[in-house]
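Each of the next two complexes has chain A plus one more chain, namely chain B in the first and chain C in the second.
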Partner chain A sequence: MTKHGAAPLVVFDNVDKVYDGSTKVVDALNLQIEQGEFLTLLGPSGSGKTTTLMMLAGFEAPTRGTILFDGAPLNNVPTYKRDFGIVFQNYALFPHMTVAENLAFPLRMRRESAADIETRVQRTLGMVKLDALKDRMPTQLSGGQQQRVALARALVFEPRMVLMDEPLGALDKQLREHMQLEIKRLHEELGIAMLYVTHDQSEALTMSDRIAVFDEGRIQQIGSPRDVYARPQSTFVASFMGENNRLDGTVQTAQGHDVSVQITPGGPTVRAALAGGTVQVADTVTLMVRPECIRLSHEDGAANRFDGRIAEVVYHGDHVRLSLVVDGVGTLVARHPVSETGTEFTPGDIVPVSWSAQQMRAFAGKGPSNTSNGD
Partner chain B sequence: MSKKSRISWLLIAPLLALVVAGFILPIGYTMVKAVKNPEVTAALPRTVMVLDAWDGQGMPPDSAWDALADDIEESRRGREFGAMTRRLNFEMNGARSVLMQTRRALGSLEPPYAQSLPVAVPELATPEIWQLIKNNSNPFTASFLLRAVDLQFTPDGRIEAVPPGTAIFLDLFKRTFWISIWVTVICVVLAYPTAYYISSLSNRAASYAMLLVLVPFWTSILVRTTAWFILLQREGPINAGLQAAQITSEPLQLIFTRFAVYVAMVHVLLPFQILPLYSVMKRQGTSMLRAAASLGAPPWRQFLLVYLPLTMPGVAAGAVIVFMLSVGFYVTPALVGGLQDQMISYYIAFFTNQSINFGMVAALSLLLLVFTGALILIARRFVPGLGSLKAG
Partner chain C sequence: MTRIFVTVFAWAVLFFLVAPLLVIFPLSFSSGEILTLPVPGYSLRWYEDFFLTERWLDATKNSFIVGIATMIIATVLGTTAAYGINLTNFRGKTVVLALLSLPMVVPLIVTAASMYLAFSVVGLANSLWGLIVAHTIIATPYVLITVLASLQTFDPNLMRGALSLGARPVTAFREVVLPLIMPGVAAGAIFAFATSFDELVIAIFITSPGEFTLPRQMFAGLREFISPTITAAAVIMILLSFILLFISEAVRRRGERLTAGKVKQ
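== the complex of A and B ==
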């Protein structure tokens, strides 16, 4: 929903955050949040994403650099004047106030009339489908209901922007997925810019207009969910965003983005697309291909075609996961939809295996070896 | 009884025994003691029986004189006589000496005593002493409780206010609660910012700051009070300092004043307010304040609308403890206060040690308990957080 041409809503201009004089949690951050955009900061814990949100919220001050909102610096604006709706990880509902009183709080702070407060509280409660619970105390609500109240409270005063810090972290999977859609719906209805912090990549993929992947205080990659998922720029992003098969090998030929790589000396070569930068023949590269990209047939146009021996089959309901041993290449995990096939897979069987060169990404140099991630 | 419930009873047995021995028995004993009145019946059983049939008007029948003489003769050997005279003297000043005089006179008198006794002891010729004996022949009496609120029985059994000069207890209760309320208020006012400050420190710094609170807490009350005694003396370091700084030209009267009582009591009781407040504040953290800030509340409204109500249980828990302890304070006012600063415990101790009147001791204690309970109940209605006390 990025509105091209419009001035960005928020600009982080070269922002550092240093704790205790030495720990740099945010490192020279440059980030723009567009009007009306849903931007997710995604990263492992300690990557600086929450600190970034806290600085925008005004709970933390940047050690260096400036944050601009609508072109004006925020540095000396206290939180209560920033007019951002914030949804906290623990919801932070006021336990001594009813649901309606919680929602009325920001309106009271803005000295709205009693009648106005009443209608807006009612309308917002309707928006999150909590009309019936307005006189309950927060402790009498379930986690999911509390989450909705927190969301409603952050929206009821029509803030200039909404910030959410892992708002769904405490909910169970089903409720979390439901709330993701709910938040997305609200975002589309209200058209308000939202900054969302999470470590859950599927959440980020579901909801965001853009995702900024954080690691070690820096943005590793920023782009649309499709972009970040399908075209990761680094092994970190590739392994953080979903599951990957990871192979290390040596470049045999390199033409533009097109590389062929040998995994084991004397073994077959595989074809891959360079994710960025340049490589020379004999350079070491890391290859990554997603399990769903590996086909159990010799597809036309697939540059990589091998035979694999099934080592393991795990049934997942809608799909099966197969561990395939390809001689000279290594063990690959394939994800195969169940509905598509009546075939039974048996360990020991030899099956055709193929994947396209475009779907196998080559990264220059050996990446960190422990970032394989199946979150 | 199933095996399981037998085991649970066994497990709570020590607690139950403690509650019975340490709480129910003493308080029950005190309640009974406050209304018990056995002395007269024990020492003068025959007289009591004769007076029972008397209507209390005019003089008692002649048989009463003989019964009194017999009873006194009989009680020469036991201790009942002394206890009885003390008891009657409490009700009517001078009764003790009349009865002592009677006992002395009986040694040389011959019956019929209705003739001989009034001559030897003219006070016995008036109905008052007989009415007194009759009125106190009931094994239970309200007179201690009445006296504890400055009321008394007249010889003919009506209730009236005690003469103004001897009415001390209502003032004493008022003073006790007044001092306690002020001590509580001062403790809350001092403890709130202190606890807030400590709760905002890093864990390491907070543990040092807590040590400063706890070390005095671990020191005996007597030691701390004595320290104030020394500090506040006429020639003590505070007066010396004030004079050295030329703020005052001569020593101030600090010791034996209400001021000294407040200073020492607040010092002794402050940790009881800080500790529960600190624990509530520590749990509170910053998330509620942050939420309030994000919703547009400036700092003072964050405090008034969110932080204060949420830390109120800590204020209430501490205030109740401080108030309860203040009400029963004895050593501190006794040491650093003047006569006008003594609290109810001082008189409970006085009746225990000096005048040996356990009825009064029990009545004052019981009323203290009742008044304190009533005050807490009233406070619960007006102080938010008191109703739902959550211990720190």
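== the complex of A and C ==
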């Protein structure tokens, strides 16, 4: 957890990374990683998140700017002196060494005594529940076991920080969810700062203290999972973090963050919360509301109430997804929990539809991303 | 019908390839002084001559000195060159590769003549050192190529992994890269030794009597005093080649087990 008042562990100070003299992969990055924090870099491929990790690891050099660790610049420190535990996407286990030898490697490099190596390897294997497999070769292990060996090897030498580059990408869904909890548990037990790179938003939401959402080499938004999910500041962040209903409209009135917007063209007026910046009457805005925020009733507090015709019902076990056609608004997707009372929805039925003004976020301007008018 | 034809043809080709080699075996055990078949009788006199004559023993010793020195130098040069070339992408990489493999395609007699002239200038002609340098030049491309082939299956992330775990680059190379590309390195080393061990053309230009290698001594034996001892020498060389073949096969199998042990992605 973030220790307030303590100096940050890592500082990216105005860091650029340019490839081939022209492709800017990381663009004027300013980022602080706090002591003991679990920070996730989340973004689509090519957004610069992996390059950021590689620069911290020392495999890539910043084209411009400085990276500080504990206040000291890292620029000329080679990887082997950085003392970071790194977990690679394909694990990078040494195939010619047993599990125990893989774990002993970083300790041997630090010239620890044989007895010390033995105890620490044993203890770390216990931590990831791999005691029984210490004499196996990496190829004799399942994907999940290999992943845990990679994790153990990155922790065994008590590094100053752990960096993970999509470490769960190769695992199936169930194992991935299990490992997410395991990594989170290790983070809480060890209190060590972890930088985690992923393109999977649910992974980021589950594990992180903070999430930095990357796009086009810049951080679009950084904050707690709750903050980033519930209060996205741009259409990019909103659409990357889960599903959204997306509408275009024209501002009718604007008072602070409360705006009323007429759905274009010629639709009804809805009330929404401005995601950031300022708008004026007659500005065009993009509206977004998540499927789980759309209620199939006329809730008392809900500012936006309509009637909708059910066009499609898809059963998902714990919830149903409904496509609703609302006059003048268009098609909205709603996600409705399946309750024990078992309300039946039939295509063609007319149902009440509502959502609150707070849950509909208005973004100034149109278009897929909205970085220029942000904050 | 086709099957029978293919089988017969295959055996015929095999016989065609091996027959000349087979002839040398009975000849080397001949009791006669002239190289003729059938042999008048069997004896070990030519082997005795080989193992008791100083110029044959010296030639064998020289071949081993030059072969082993060539193997060591060519393996170090070829392996490091291959690793460097594989590691980076630069303009003209293909040109560099082509230049490095040039000694393999240039006619040996051209290489030999130019080396003789060049080595005369720097005083390396007529010495075993000169021969070692010359053999290293023609043997290094073999190492380069076999090591490059092994590096194709080497995951560069393993090097990054080793660095991140605190290994200096040289240590990481020795502990992680080298064991995994060993099959290629060993095969290259054997090729390098074999290249030097049976090389004659350069040896003719560069060695002086008294510093003859085994092939050079055999050549002299054929030309100057037709002695059946060269058949014994030939058989010994064939046996050595077989041993090398077995070693390289063993190394390849061991390597296959290791690369079969490549971590699945």
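FYI, the second predicted complex is superposed on the first by the 363 of 375 C-alpha atoms of A that agree within 3 Å, B and C clash if a C-alpha of one lies under 4 Å from a C-alpha of the other, contacts with A are read in each partner's own complex, and residues count from 1 in each chain.
The working rule: a residue touches a chain if its C-beta (ideal position, glycine included) is under 8 Å from a C-beta of that chain, and two chains touch if they have at least 3 such contacts.
Predicted, not measured: the structure shown is a model, and the values here were computed from it.
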| item | value |
| --- | --- |
| Combined model on chain A: chain C and chain B, fit or clash | clash |
| Which superposed partner A:110 touches (first chain B, second chain C, both, neither) | both |
| First, second, both or neither for A:246, with chain B first and chain C second | neither |
| First (chain B), second (chain C), both or neither touched by A:90 | both |
| Which superposed partner A:146 touches (first chain B, second chain C, both, neither) | second |
| Touching partner for A:361 - first (chain B), second (chain C), both, neither | neither |
| Which superposed partner A:138 touches (first chain B, second chain C, both, neither) | second |
| Chain B or chain C, by number of chain A residues touched | C |
| Touching partner for A:170 - first (chain B), second (chain C), both, neither | second |
| Overlap of the chain B and chain C footprints on chain A, listed as residue numbers | 57-59, 78-86, 88, 90, 92-96, 105-106, 109-110, 153-154, 157 |
| Chain A - residues contacting chain C, complex | 57-59, 78-86, 88, 90-96, 105-106, 109-110, 137-139, 143, 146, 153-154, 157, 170 |
| Residue numbers on chain B that touch chain A, as the complex places them | 287-288, 290-299, 301-302, 305-306, 309-310 |
| In the complex with chain B, residue positions of chain A that touch it | 57-59, 78-86, 88, 90, 92-96, 105-106, 109-110, 153-154, 157 |
| Residue ranges of chain C in contact with chain A within the complex | 155, 157-158, 160-169, 171-172, 175-176, 179-180, 258-265 |
